[in-house]
Amino acid sequence: MAATVNTRKLARTMLMPAVIILFIWMIVPLLLTIWYSFQNYNLINPVNAGFAGWSNYKYFLTDPAFFQAFANTLILTLSVLAITVIGGILLGLLLDQFIYGQGIVRILVISPFFIMPTVAALVWKNMLMNPNYGIFAWIATRLGFAPVAWLETFPLLSIILIVAWQWLPFATLILLTALQSLDEEQKEAAGMDGANFASLFVYITLPHLARAITVVILIETIFLLSVFAEILVTTSGGPGYASTNIAYLIYHQALLDYDVGGASAGGVVAVILANIVAIFLVRLVGKNLDA
Amino acid sequence: MKLNRHLAGFASLVAIAAAGPALAETTLTIATVNNGDMVRMQTMTDDFTKANPDIKLQWVTLEENQLRQKVTTDIATKGGQYDVLTIGTYEVPIWSKNGWLVPLDNLGADYDVDDLLPAIRSGLSTDGKLYAAPFYGESSYVMYRKDLMEKAGLTMPDAPTWDFIRQAADKMTDRANGINGVCLRGKAGWGENMAFLTAMSNSFGARWFDEKWQPQFDQPEWKNTLQFYVDLMKADGPAGASSNGFNENLTLFQQGKCGMWIDATVAGSFVTDPKASTVADKVGFALAPDTGLGKRGNWLWAWSLAIPAGSAKVEAAEKFVGWATSKHYTELVAAKEGWANVPPGTRTSLYKNADYLKAAPFAQMTIDSINSADPTKPTVKPVPYTGVQFVAIPEFQGLGDTVGQIFSAALAGQTSVDDALKQAQDVSTRTMTKAGYIK
Amino acid sequence: MARAISPQKKWTFTILAWIVALIIFFPILWTFLTAFKTEGDAILFPPAFLPPHWTLENFFEVQTRSNYFKHFFNSVVISVGSTLIGLVIAVPAAWSMAFAPTKRTKDILMWMLSTKMMPAVGVLVPIFLIFKNLGLLDTLGGLTGILMLINLPIMVWMLYTYFREIPIDILEASRMDGAVLWKEIVYILLPMAIPGIASTLLLNVILAWNEAFWTLNLSAANAAPLTAFIASYSSPEGLFWAKLSAASTLAIAPILILGWFSQKQLVRGMTFGAVK
């Protein structure tokens, strides 16, 4: 890179506004959260106030829901990643073929991405998954099964389905773009050598998609770790703690207990966990994106 | 940020442009729930603004939980975004003790505060001062299908026992025709399944806490309550009951899928409304069940209008609250939409009104239910708290929600009744210790 | 492309693709259809696919109960506003990271993304207090600012990956020709970067439009966008599926139509460096 000293200076100046603004946006809430996490601060009980020591952390980490919430967060994130990446590749391969009405098909497939999470969750909960009037119940009775109370019997799976439906279009778009950039000649050459579809896919297509998959995982993880609206609208984290994730647990403390101290401690814990995930992601991204 | 100020300025310009030239007017921001009676209130406001041309009304209508969160956050941090709040009997005692509400002693000369139902009025007062004006009040009762009851060969007494309810439910259940003997709340939430279960537990002699704030879920009374509830729902309840709240059950009942439904008295006008209900002419009413211990399983609630302390618009807000909860408002609704649609459960005079009693078949049972609820002595054994279907302490909503989740898991069959009670006991002990009740 | 595709294969793929697409689209289609049903027809079982009695009643009722156009206006202002302000900050930052990278560039980028990992609920009260003290509660300015902040990392990342693919040689060639920096940016970089910027703009308008936590909790009446509009229909007493569907249709239609018409532009720049 032959950037001159001047351009370097200029580059730094241009970078600064974004860095400073994001730094403030990060540090101010973070410091306040750390501060509150050591306080007894309940919005609706102003009497019980003062320095709390580590008790907020103690209570958050020993919460009977904590480990399940932690596990649910991982299950939710990994399942949605798996569904959207695999589904995205398959859909991408399909949409990469010659199809009559391709434009419309593509529009239909990407549409869920534009839907507000609350709307998506409300529609799925009421009009699809309702065991008495929902479409799924109707399909089940048509096939001769008893209707399934989705949100009661498979709460976490239901949420995974809803969230995966929202993110599948994103994965499909990115992966499809990557597929389309795959050199046609490369494929043809391999095809002439007698490679069948499977080996073509494993040796040519998949390696080519590695970067795209990485990107999908990275961006989605950021959003999936804090999935919350879908849970609030559909199951409120239940039955029991069956669909509670960390974000929902913190929500419970912040807006049902109004326990600002406890929610702050939860926030700090979540940041630490998220950063552990981030370190893994950085490794992954670093490996795949630099190459 | 300068740009923010510009944008804010731009926004207020738009607001002013929309409001017209009368700059002297006061705009009241009213936060309310998206329930039918409140939605109707919004269509009635011409009457108010005609009488008070200098007051403009602006509504924030939200689903109950959203509303509660936003209003609580706002008032606790003195955000000052709202001038009139819609809150319930749970919030009023706690908030008034925190000094967050304006006492309402200026509701107009013809307000007739003594006309308010005593049980409701006492629930909304602290130290003899009224802190919120009831917009509509409710208790809970049994709604049942007269035709199915007859088919089962039974007669519903005016004051049934739980055993009778179970017996009737068993007989009415007809899965092949999609009829569930009984529909009860199962959706987790302190205002959903826990409102029902706490009221029910009162009639089984249970209590949340003893006089020393020790949780009582390890006692046999709670075990009886929860076991009865889970067994009953398993045998005679609808599919997916653990996600059914008031609204889901209302739909089921209106569609003729429930033999009995024990829930809020306001549901009476919905299930007897021929426009929405397929069973409108077949519904009977009875008091909530008991077990002969002296308490019935019915609750007491009033959605009420309150004014936040520190508001700069108290005078205008008082005028509005006075209007919305007055006898005049009741007459206004009756004239425009019929007597069956007036907000129920707040005034004695309404239940002496012959027109109303004629239009509302559920009226007598509603007032009897409200009168039989006693928030100051809700349980068989003594307790340190008030509130029938809730415990009026700040920690209750969080705790009630958690216990509600645990019990809804028991209903869904994911935990046993014993495990659920043990978890509830543990989590209550934790919460009460953290909050400093248990030393 | 040299290979001929047999018609049989074409039709197989076409049918398969249409089936999958319709399944994926079904929940949205169902919402649209339900919006035109009466409340009673909306919960018919077995369900009626097409409304047995077409009606616009739900839309009228929704409009009399809440002022759709005001919420719509607020949504447009905050989503477009936050994106434009974000672009002003993100374009220079992405430019400098793409064309004058240092050893730290990657770290800075990841750090920026990591600011998105803080769970919003955990910081609601602190942010609410800050907003209150700055007088930003329930203002379009406040909401615009917060949406800009939460989307800024994505914008920087997206632009950075796009800019990086612009061949640096061209810029250097122009620099050799003595082009000054602003000319370099305006005449060379911008035209090549337009697709990336356009797609960043679209994606962030979409994300901001659909953001439902901050917009709901930091607004009351004046600045409440469509997310708050939806919250007043989510579970009232009585039957509500048709009204909810009508409200949902009104809330998602603008962004859905925008998405449909701009999907080519959206896709073109949204590679996040996925394509080499």
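Order of writing sets the labels: A, B and C. Residues in every chain begin at 1.
Here is the rule we go by: contacts are C-beta pairs under 8 Å (C-beta built on N, C-alpha and C of every residue); 3 or more make two chains touch, one makes a residue touch a chain.
What you are looking at is a predicted structure, and each value in this text was computed from that prediction instead of being measured.
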Groups of chains joined by contact, in the absence of chain A: one piece
Interface with more contacting C-beta pairs, comparing A-C to A-B: A-C
For chain A paired with chain B, centre-to-centre distance based on mean C-alpha positions, whole Å: 36
Gap in Å, rounded to a whole number, between the CA centres of chain C and chain A: 15
Junction residues of chain B - those touching two or more other chains: 69, 73, 77, 251
Interface hub residues of chain C, defined as touching at least two other chains: 43, 124-125, 231, 234
Touching two or more other chains - residue numbers and ranges from chain A: 43, 132-133, 255
Touching residues (chain side chain A, partner chain B) in the complex: 42-46, 48, 55, 59, 64-65, 130-133, 146-147, 149-153, 235-242, 252-253, 255-259
Complex interface listing, chain B residues touching chain A: 69, 72-73, 76-77, 94-95, 98, 187-189, 238-243, 251-252, 257, 394-395, 397-399, 401-402, 404-406, 408-409, 411-412, 414-415, 423, 426-427, 430, 434-436
Of chain A, residues touching chain C in the complex: 1-3, 7-8, 10-12, 14-15, 17-19, 21-22, 25-26, 28-30, 32-33, 36, 43, 91, 94-95, 97-102, 104-120, 122-124, 126-128, 132-133, 135, 137-138, 141, 165, 168-169, 173-178, 181, 184, 188, 191, 211-212, 214-216, 218-219, 222, 225-226, 228-229, 233, 246-247, 250-251, 254-255, 260, 263-264, 266-268, 270-271, 274-275, 277-278, 281-282, 285-286, 289-290
Chain C partner contacts - residues on chain B that touch it in the complex: 1, 3-8, 10-12, 14-15, 29, 31, 34-36, 39, 42-43, 58-64, 66, 69-70, 73-74, 77-82, 245-247, 250-251, 254-255, 266, 270, 276
Chain C - residues contacting chain A, complex: 1-3, 5, 9-11, 13-14, 16-18, 20-22, 24-28, 30-31, 34, 43-47, 89-90, 92-93, 95-97, 99-101, 106, 108, 110, 112-127, 130, 149, 152-154, 156, 168, 172, 181, 206, 209-210, 212-213, 226-227, 230-231, 234, 241, 244-245, 248, 251-252, 255-256, 258-260, 263, 266-267, 270-276
